[in-house]
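Structures for review follow.
Consider the two complexes below, in which chain A is the common component and chain B and chain C are the respective partners.
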Partner chain A sequence: MTSVQLWALLPLLIATASIVATMLAIAVYRHHRFCASVTVGGMNLALIAVVYDLITGDNLAVPVTGLMTVDAAARFGMVLILVTTLGVLTLCHAYFEGYKRNREEIYLLIGLGTLGALTLACATHTATLLVGIELLSLPMVAGVAYSMDERRAIEGGIKYLILSAAASAALFFGVALIYAHIGSLDLSAMSQALSAASLDQPLVLAGAAMMIAGLGFKLSLVPFHQWTPDVYESAPTPITAYLATVSKLGVFVVVLRLFHYGSSPISPLILTALVGLAVASMLVGSLLALRQNNLKRLLAYSSIAHFGYLTIVLAVPGDESLRAAGVYLATYLVTSLGVFGVMALVSSPMGERDAEHIDDYRGLFWRRPYLTSILTAMLLSLAGIPLTAGFIGKFAVISAGVGAAQWLLVGSLIVSSAISIYYYLRIVSALFSAVAAGSERVSEPMGWAQSFGGLMLVVAMIVMLWLGVYPQPLYLLSGQLAQH
Partner chain B sequence: MTTSPEFWSIAVYIVAVLGLCTVMLGLSALLGGRSGARARNEPFESGVVSASPENLRLSAKFYLVAVFFVIFDVEALFLYAWAVSVRESGWVGFVEAAVFIFILLASLVYLARIGALDWAPASRKKRQALQVHPKNQGGASV
Partner chain C sequence: MILVWLILIPFIGGLLSWQAERYSRGLPRWIALLTMAGVLGTSIWLWATGDYSITGTGFAAAAGQTPSWTIEFQAQWIPSIGASFHLGLDGLSLLLVVLTNLIGVLAIACSWKEIERNVGFFHLNLLWNLGGVVGIFLALDMFLFFFFWEMMLVPMFFLIALWGHNIPGGKGRVYAAIKFFIYTQASGFLMLVSILAMVFLHQQATGKLSFDYHDLLNTPMGAQVEWWLMLGFFGAFAVKMPVVPFHTWLPDAHGQAPTAGSVDLAGILLKTAAYGLLRFGIPFFPHASAAFAPVAMWLGVVGIIYGAVVAFSQTDIKRFVAYTSISHMGFIVIGIYAGTEQALQGVVVQMIAHGLSAGALFILCGEIYERLHTRDISKMGGLWSRFPNLPPIMLFFSAASLGLPGLGNFVGEFLILVGSFDAAPVVTIIAASGLILAAVYSLYLVQRALHGAPQPLPEGVQLNKQGLLKDLSKRELVMMLSLMALLMGLGLYPQIVMDTAKAPVQAVQTIYKAATTPSVVAVTGANP
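Right after this comes the complex of A and B.
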């Protein structure tokens, strides 16, 4: 290990150190804010390390031991992962303040998950892929089942454990099949095999199908989406936010390395499969969200549709679509954090049950005007209304799809977006409807704006609008994804 | 692929295995005598009654201890791999092993502090503390 390599790996090392520090902090002095600050401090340091590397370094790809490469794309992914993690951590602080049992371990779990996501962002070998994916999903099993007294949380945890283990098994069976054909475990060699796959290579095709199934499960693409609404519903709201953002982001960077970074465009057979997944995700996600009265389930289906939109970039070769992927990911993360953030703040002091039914939000505007305004803007951004970040993301993806003449994908995106406006506006209309006195359930403290969670929401709101009005810097930054 | 000699030897092997199983089970079913009794259908395990009531309750502590054993045992295995290559991996390997052991120790401290290694549940410990306390007081008064 040279100093250059250690320097490149610094964010991961800092993240690891902060996890151990949090564990020791819990052992020495169990205090909610103290333990939270240890984790948040560590993640901030890791973020500073990446950003420093991005600004000062010449952004070279630094291979570390053949298992990982810290390149521009990895650094871009790490920045997004760390920023989103910090957002989720502040939500956790607000949400778990009123929790009766041990509150501090959630930071440990989130830290471990983030380490897994960072590993995935740098992975160039299937061994690292395995470590990263397991490190990302196993802590989240405990996170989903965190409120142990609730039957529903345990059920969600077990569901997530079994299904994600099955998905990992499928993914690595696929890896093994492709390895049997090409004799290499490198992600670049895998990617080459995937782009050269043809009908006379049954091993590669079967392997590709199993890998797509495993990765599709992690990204909750239709038809591997069944777990998403159940698990999102039973998890505590900040963990739901984490599952919807960081957990998918880490996997998507690997998916880009596998299906997009090859020297030649993807094989037509696999392209057909990806197009099918994307179209099914967009349409099924939007249609199933229509009838949901539970906000978490609705957002689960909406995230299925959103990752369907994002899958379009895999079908479009070239750097422009990678740029679009970067823009889309950043806007999706900000917006999701905002929506789940409002939900977490509204839910937190209730303790017993999260505010997730649409009736809990009826007439929220008349009691909590600022919080509701943020939620409204975020929902409009998810729907992709102009002047919000969501519009920019969707625009980037559509322009990539149009550039490659993928009319089926672009058409389904438009249909799905049109459907999605209905269910987002349904929530918005509930927020502003009149409500009978005495029937309100939501009772978050008035001092939300002073808390870290409230501050994070305001920042997310500003970033969201800023990206919507002036997306140029994000476009430039997303070019990082194209440098690998 | 189907023309290679390995393929045919494996095919013969598989057929032979299946055939042997069929012959053994089939012949004993055809030729063997049969007698039925109540206890005959129970699994036989050296005279020990192998079936137990299904509502047996085990303390979750046993599970916890088993998991700790597996975790720390497997972690120790990684150290064996380092032990056979101490000279080759040099100081870098030493530092990495030291970090690894430190993280293991930290997790042991954590486990001890959260009470995962205490055998008695917290409620009983509290009860025991209460029992000891009044006895001492009683002894002093008498």
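Right after this comes the complex of A and C.
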């Protein structure tokens, strides 16, 4: 291994080191803020390493053994993963402060998951894919079931464990089938096989179907979505945020490598399957969200719809659509962090149960005007209203779809987003609905603003608005995804 | 730069009045009022000093023209997608900006007593909505236009959902607000798809990725493509206008909205659609629009008759005015698609006249509601003997709405009908019956609400010592009298408005005429 390769791999090494450090820290001195700082510090260092590499290096693709390649796309993915992880970690600190049992292990789990996501971002071989996906999923099983004395949490954890294991099994069986045909485990070879798949290659087709099922599960695309609302609901809010953001982000980078980076456009058969998944996710996701009164379940369905939107870029060949994917991912991440962040901060003092029912949020504006303003802006961003980042993301995806004349996808997006307006606005109007007496400003203590979680939210809000009003830098940065 | 300020000042003023609520309840109102008065003054100053004989509408690069606007502003924004911050002002946009700011001042003034809860946040929403609408009228970049088009929905949503009324028997203000939002947002996305398709076509033809109005005006496209893209634009504008059968959000929104929201909605939001057709819909797709004109004009006729007939059967006074708006907007559709200079001038006058008269009627509805606590027309009868000033003013605006000569609405509707007769005689003849229907419903309203024996007062309403209800305050009288003066001015001397709008109107007419005359057969033959 040369120094260039080591240097390129530095973010992963730092992340690994910070996990070990956190583990030792827990063993030596169990202190919430201290352990959190160790992980946060490590992730920050890793982030600095990537950003340094982005700024100073010539951004070349550095192959590290046959298993990984650190290229521009991987660096872009790593930046998003690390930034989002940092956001989730700050939320965890705010949220678990009031938790009565062991709080420190959550940082270990998140660190491990992030290492998995980073691995996925650099993966160019199915072995790395395997390691990355399992490293990302398994700690989250523990994360979902973190409050062990709660029946619901255990149930969610087991559900996630079994289903996620089944999905991984399907994915790797698919890999094996394609391997049987092409004799290579390299992702680029896989990608070639997928773009050349035709009806007389039953092995490749069956393999592709199983891979799509496995990856579709991880991205919770319809019809592989059933686990999402249950698991989202039973997980502690920061973990839900993590599942909705980092988990899917890591997998999506691999999906791009498999389905988008091939030298030739994707095979029409697979394209049809992807279009079907996208349309189903957009429509089913937003239709099922309509009747939800539980905010976490609602957001679960809305994230299904959102990944349906994102799947449009897979159906559109060319660098433009990769850029759209980058823009969309960034806007989705900052918005999701914001929404779940507010939920976590509203929930944390309650301790026993998360504030997740829509009634918990009724009239919240009169009690916590600033938090609610942030939540409102974030929900409008999810709905894709101008001035917010979500609009830019949705715009990028629509423009990719229109550019490739994928009218079915564009039409579904319009229908789905019209439906989605209803449930987002339903929450927004609940936030502002007048509660009995006290429609005056009664601010609850502003303690949240001083905490790291609150600070993170304010930053997320600023970034979200900034991206919504001036997305030019994001567009430039997202061009990275197209360099592979 | 002055154009940027026209948009920015309401946004800043909104933020200030939001925060000013900490100090007192009255402060946000004053800040908002001064803000809007300031931009109104600025826009009138622009009117007085600018040269409005030029417009960039319909500029043709092929003919070697250079686009020119009375005032233009362009700054880099998102070069990666070819969007720039491009604003331009010509006579048409100026008139509508003045109207917006005027209605804005009135909307603030009319909610002075009505809005008691969260005054600051209310004015934030109102001012952001007004700023967004001004943005719509000034934007010359399609991305920017769409940005404002969708952005101003959010404040409107809050105005209806938070300060609206839950009228008995209705489905509630949140329902109405969400319905309004979904209708306009979904139709807006149709327009976005059209815009994007046009951008890509333009890029394929010229290699330049641009959302700029001037670039897109010269997009080469096939007849069938043009037809589809035109429908995308028409969809968005038809919902906002509203054209029957896309109107069902309007009566609900008006029924539940607070007075200021209704004034805003009827006075200016509906006009954004007519403006969009004049500025974008027809200049972008002249051939398809010309081919589509018969359909659109018949939709206009349906709107006129349907709105009038349904208005007649309303018992809620605000829903009544809402349906009359649908009827009046039908004339605008006919005028736009007739495309003669007279008809288009009529459209401009009608937009302003309807903005003023419908705004005034909604303010009156609000004032009656404040005093009687009901909006049910059948419970109103005999108001003439209960107020000294309010009933005659109501009579005046009802007369304006029915198209009494001497008032602005008459000029607008008359010009539209005269201008459309050559283009579509049958449509015009049937549309003219709308004037009779307007007389019927307006007089019926006057008869039922103002005349007759006084109805028993609703519970909790007390007469004062003279046996009268509390009449209009000075603030309300000033508002009403100034609106009356403006409407009369527009009716007696519409030339000022018509001179200002002349250049853009002629440009639209030239484009339209060029598309209709040479190859009507070829275009209609290519219809899908």
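We adopt the following convention: the second predicted complex is superposed on the first by the 474 of 484 C-alpha atoms of A that agree within 3 Å, B and C clash if a C-alpha of one lies under 4 Å from a C-alpha of the other, contacts with A are read in each partner's own complex, and residues count from 1 in each chain.
Definition applied: contacts are C-beta pairs under 8 Å (C-beta built on N, C-alpha and C of every residue); 3 or more make two chains touch, one makes a residue touch a chain.
Since the model is a prediction, treat every value here as computed from it, not as a measurement.
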Query raised in the report: Following superposition onto chain A, is the placement of chain B relative to chain C best described as a clash or a fit?
Result: fit
Query - Touched partner set for A:429, first chain B, second chain C, both or neither - result: second
**Report entry** Residue contacts on chain A - larger count, chain B or chain C
**Finding:** C
Query raised in the report: After lining up the shared chain so the two structures overlap, which partner does A:387 touch, if you call chain B first and chain C second: first, second, both or neither?
Result: second
Query raised in the report: When the two structures are overlaid on chain A, which partner does A:6 contact: first (chain B), second (chain C), both, or neither?
Result: neither
Query raised in the report: What is the contact status of A:20 with respect to chain B (first) and chain C (second): first, second, both, or neither?
Result: first
Requested in this report: For A:462, decide between first (touching chain B), second (touching chain C), both and neither.
Outcome: neither
Requested in this report: Tell me which partner A:414 touches in the superposition: chain B (first), chain C (second), both or neither.
Outcome: second
Report summary line: For chain B relative to chain C post-fit, closest CA-CA distance rounded to the angstrom comes to 45
Query raised in the report: Which residues of chain A are in contact with chain B in one complex and with chain C in the other?
Result: none
Requested in this report: Spell out the residues on chain B that touch chain A in their complex, using ranges where they run on.
Outcome: 92, 102-103, 106-107, 109-110, 112-114
Report task. State the interface residues of chain A toward chain B in the complex, per the touch definition above. Result -> 1, 20, 23-24, 26-28, 102
Report task. In the complex, go through chain A and note every residue touching chain C. Result -> 323, 380, 385-387, 391, 395, 398-399, 402-403, 410, 413-415, 417-418, 421-422, 425-426, 428-429, 432-434, 439, 441, 470-472, 475-476
Requested in this report: Using the touch rule from the top, collect the residues of chain C that touch chain A in their complex.
Outcome: 21-22, 77-81, 117-118, 146-148, 150-151, 153-154, 157-158, 161-162, 174, 177-178, 181-182, 185-186, 189-190, 192-193, 196-197, 199-200
